[in-house]
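Each of the two complexes below includes chain A, the first together with chain B, the second together with chain C.
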Partner chain A sequence: MAIAAEKSQPPLHGESLAPALYRVHSIRRETHDSFTLDVRPQNALNTPAFAPGQFNMVYAYGCGEVPISISGDPADHRRFVHTIRAVGAATTALCGLKKNGTLGVRGPFGSHWPVDESAGSDVVVVAGGIGLAPLRPALYRLLAERQRYGRIVLLYGVRTPGDILFPRELKQWRAQFDLEVHVTVDRATSDWQGRVGVVTTLIRKATFDPNNTVAMVCGPEVMMRFTLLELLSRGVPADGVFLSMERNMKCGVGLCGHCQYGPTFICKDGPVYPYTRIASTFATREI
Partner chain B sequence: METLERILAEHPFLHGLARPHLELIVGCATNVRFNPGQFLFHEGEEADRFYVIRHGKVRVELFTPGRGPITIQTVDDGDILGWSWLLAPYQWHFDAQAVELTRAIALDGECLRTKCERDHDLGYEMLKRFAQIMQQRMDATRLQLLDLYGNSR
Partner chain C sequence: MPGNDSNQRCVTFESEQLQSLLDAVQGRGYEVFGPRVRDNTIVLDRLSSITELPIGAGTDQNNARFRLTSRQDQAFFSYTVGAQSWKRYLHEPTLRLWNAQRDDGGFKVDANQSLPPKQAFVGVRPCELNAILALDRVLLHGVAADSAYRSRREKTLIVAVDCGVAGGTCFCTSMGTGPRASSGYDLALTEIIEGDRHYFVARAETELGAEILEGIPHSVPTEAERTAAENVVASAAAHMGRTVDAANIRDLLVRNPSHSRWDQVATRCMTCGNCTMVCPTCFCTTTTDVTDLAGEHAEHCRLWDSCFTLDYSYIHGGAVRSSAKSRFRQWLTHKFGIWFDQFGQSGCVGCGRCITWCPAGIDVTEELAALREGNPPGNCPPIRKETPRGNA
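Now for the complex of A and B:
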């Protein structure tokens, strides 16, 4: 199969290190700790183009800057959409912004999901927790050109029913006849009518042709390790599996070295990698 | 019985089983059906069977005082439910309740144990296949225990 994760044109360093001013157009609560921000440039009509899987460095003024995946539609150039989980000072400050609040944005950065290269193949999208956010742009692109692909399967696992991201869209997607959607939760009370169990258990049941499948996986690293094992045991070739890695990204352009991952920098060479490129480091401790 | 034999022969759990062994297993099988809300078994009851789920969904749950029933896992089309029939003291450790209309094949535990004792090749085949199910469930349970998605209420 040998599909390479696409690399985007790197922005010029002078521009890429200075954040552009953005304003919050709207903010929507997704779960008890996650919010989706629609942000628009203050001094431009359109945002820079981005590809599914890329991220921005988002700056909460006076607080700090964090890498956040873009979760919106790549065809929409009026806004950046970021789904943010409040886990630290900067993300909590971003989630606390109100309409018209200001923030800084640098980007987009990094490699992206091989959406175009997957044409003609079945596509299996496996997301865990907030890992659905960087995969949503890929789903928008896949569904926008549905006829180019074989089967499209979305497998999504979260902790509890209350942690499900984008529930309205998931319901819409599930209602489509050309998209297979399975959602599972790790724990639930008896009022939940859906599946309970880890997301890896869904791989055995999903309908796809392993020999002609591209898998896009994003979630906690342990979840991705076990997902990889299941995909390989179903017969998906190693070079058909793509993973989105996460480390402590700071500069976003491969200068500072904070996100070094083996011989690569995640901000520049990732975050989306073909598994074959990181196979020797993927399960290695302390990398 | 022809239909049961065909269904069981095509099921991945029994795939590759020698025909005489398959026939022994089919001799312990019956079709069953559960309406939504109906219990397949309760914690503490005698574990006298296991199920091959054909269609539907079943939740495996544990009742906890003060919190009510907590769903540990759901099983659905094609899954195997229950291994307590295989190990003494042959008692269910959890409750199992149909979430939706569920059709299954029930395999009589005592009938199977007797045949496995008489034919150790059959017994070994069954143990190997159930060990694989147990391994998958244990892996899944360990991942659940890790609380991978964390930082949640």
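Now for the complex of A and C:
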């Protein structure tokens, strides 16, 4: 039996999987291997709206499409901001784009950080490495409506001082009296005067009310594992912890199967999950 | 669904009229595909005459074994399924999704807009019909519909054939998908051979199916013919080569990621991915990007992929599922377990292909039975204690 033809969506091959074209408006070097791109739609005035934590599938000509979080301000509809670490073919090509260079964008996709849902609570943001990129839009939103929240704490861990993303903004945030910011590095350089050690050690020191806290965590899986344990041991309830998961992705829309994580698809059920949703999977290796 | 025939058009026609049926389908502009014998196996290909069907062919299937056999009769459909499934005509093994073309400084993108022809599948087995319905769930009813799949699926006519012979690796009765086609077809046929008489009892589920039956010489099925048709299916049901205890199978798998059986099967699995390639419901794809030498033209293509490859789960730094154990566990747990969470049904239709075509002779029904045995209590494993390695 055939299925009924859908009138609203003409049957074009792969239509929904073709990217929209964007142009690089500006590109800024963040660290030795990471760049922040401000990209604007080539054939439209505005980008689609996005929520903090969502990602786009970003296409580099001839190299492929890769999932990249949106790191800009959700209130800004003129551009998508992406902060990309060059680790392979596609990300290196994207980081090598020049002003006015063309790229493809599909999205935004996926779930988002519980920014609105956190009103009235303390918010602890824990980032590891490039993991600060998908958390920055949440920070923008939190700070834009600062009065809706209790304490806001940002804990950021990187390998070396040279790996710190968004240093200017971090400096500005640090100067703000209503935001507690701690940065730590694995290995210090001679000019580093801050903390040394893993990000989990910061959790013990930060000021927040565990019973009334929402934690938003993004970084490598091991880092998130220990962060979770530390948060739980400080008394943050399991359903107050949100994690952003990462898996290989080819489509972003639930068709290619690659991003499966336990019973979920990270591209549509994630990347941001309440810990309680993935608790059993999170404890298992090689899932 | 036995008993729902009352509101279906149901007829009997003699075996010679199968050609008229084929002609009627072709006459309506369909390109017809069906089973044929080639290279000592059953393949699917274009069909123009019923003489191309696997007449008199049977199959002998077991772990890592597929042999064609000769039957004493002229049955068209007494073989059981070969390695290929209909998936290839709906969810193509390779597909160009779009092209990119360099133009002053940037590039532009053209979506592949070729329109597929109308196609008819003749000889779809009940398990395969259910596999197509399972693919519909995945590719048409998620957050996004796969437009390439949809454009082919919309134009597909299905002539199902009930099974009268079960294969050595079949277990459709365990999965509730056969041996009788229950729904989702245009036409379903039951092939009956009684002494010198060779005929079909056919039922139509759609207007189009009924119209096709109307156009070929037929009679109203007698009570005896209906009973004969039921007996054919009952005989297949009684001779399933394999069985699976499907009760709470999802929970069994979800609760047992640490079962010792995974280590055991990993010593045998070669992670070749054959099982995923022959499975009629495996839907995973990867993409590749190729450019011409001058770099003026780039193509973004989609290919079938397998969760048994290392690339499948590769993220910067290495594959998430690097051990054979984790990849076999992913496949089996997905197919028989978490498919329920994702799509509200099993991902296995009991066709037996993965058992027949696994070069290591791994049998999913045996693995599932072993997981049930000595099944440890169903608690989730605790979070592991280990030392932090670094920030990023």
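The rule is short, and it goes like this: the second predicted complex is superposed on the first by the 270 of 287 C-alpha atoms of A that agree within 3 Å, B and C clash if a C-alpha of one lies under 4 Å from a C-alpha of the other, contacts with A are read in each partner's own complex, and residues count from 1 in each chain.
To be clear about the criterion, contacts are C-beta pairs under 8 Å (C-beta built on N, C-alpha and C of every residue); 3 or more make two chains touch, one makes a residue touch a chain.
In this text, all values refer to a predicted model and were calculated from it rather than measured experimentally.
In the superposed model, A:Ile287 makes contact with chain C only, not with chain B.
The wider contact with chain A, measured as residues touched, comes from C rather than the other of chain B and chain C.
Legend: residue contacts after superposition of the two complexes on their common chain; A:Val196 is shown touching chain B, with no touch to chain C.
When the two complexes are overlaid on their common chain A, residue A:Gly88 makes contact with chain C while staying clear of chain B. By the document's definition of touching, of the two partners only chain B reaches A:Asp33; chain C does not.
Contact with chain B, but none with chain C, is seen for A:Ala188 once the two complexes are overlaid on the shared chain.
When both complexes are overlaid on chain A, the residue A:Glu246 reaches chain C alone and has no touch with chain B. Contacts of A:Leu21 after superposition: chain C is touched, whereas chain B is not reached.
In the superposition on chain A, A:Pro263 makes contact with chain C only, not with chain B.
When both complexes are overlaid on chain A, the residue A:Gly64 reaches chain C alone and has no touch with chain B. Judged by the document's definition of touching, chain A residues 87, 128-130, 157-159, 163, 186, 198, 200, 219-220, 222-223, 226 lie at the interface with chain B and also at the interface with chain C. Chain A contributes residues 1-6, 9, 11-19, 21, 23, 42, 59, 61-65, 87-88, 100-102, 104, 128-131, 157-159, 163, 184-186, 198-200, 219-220, 222-223, 225-226, 228-229, 246-248, 250-251, 253-258, 260, 262-265, 268, 279-280, 282-287 to its touches with chain C in the complex. Within the complex, the chain B residues that touch chain A are 57, 59, 61, 67-74, 76-78, 97, 99-100, 136, 139-140, 143-144, 146-153. Per the touch definition, chain C reaches chain A in the complex via residues 95-98, 100, 102, 105-109, 111-115, 136, 138-140, 142-148, 150-151, 153-158, 184-186, 205-206, 209, 254, 257-258, 283-291, 295, 298, 300, 302, 305, 307, 311-316, 320-323, 325-326, 329-330, 334, 338, 341-342, 380-384, 388-392.
Against chain B, the residues of chain A that register as touching in their complex are 32-33, 85, 87, 128-130, 157-160, 162-163, 186-190, 192-198, 200-201, 205, 219-220, 222-223, 226.
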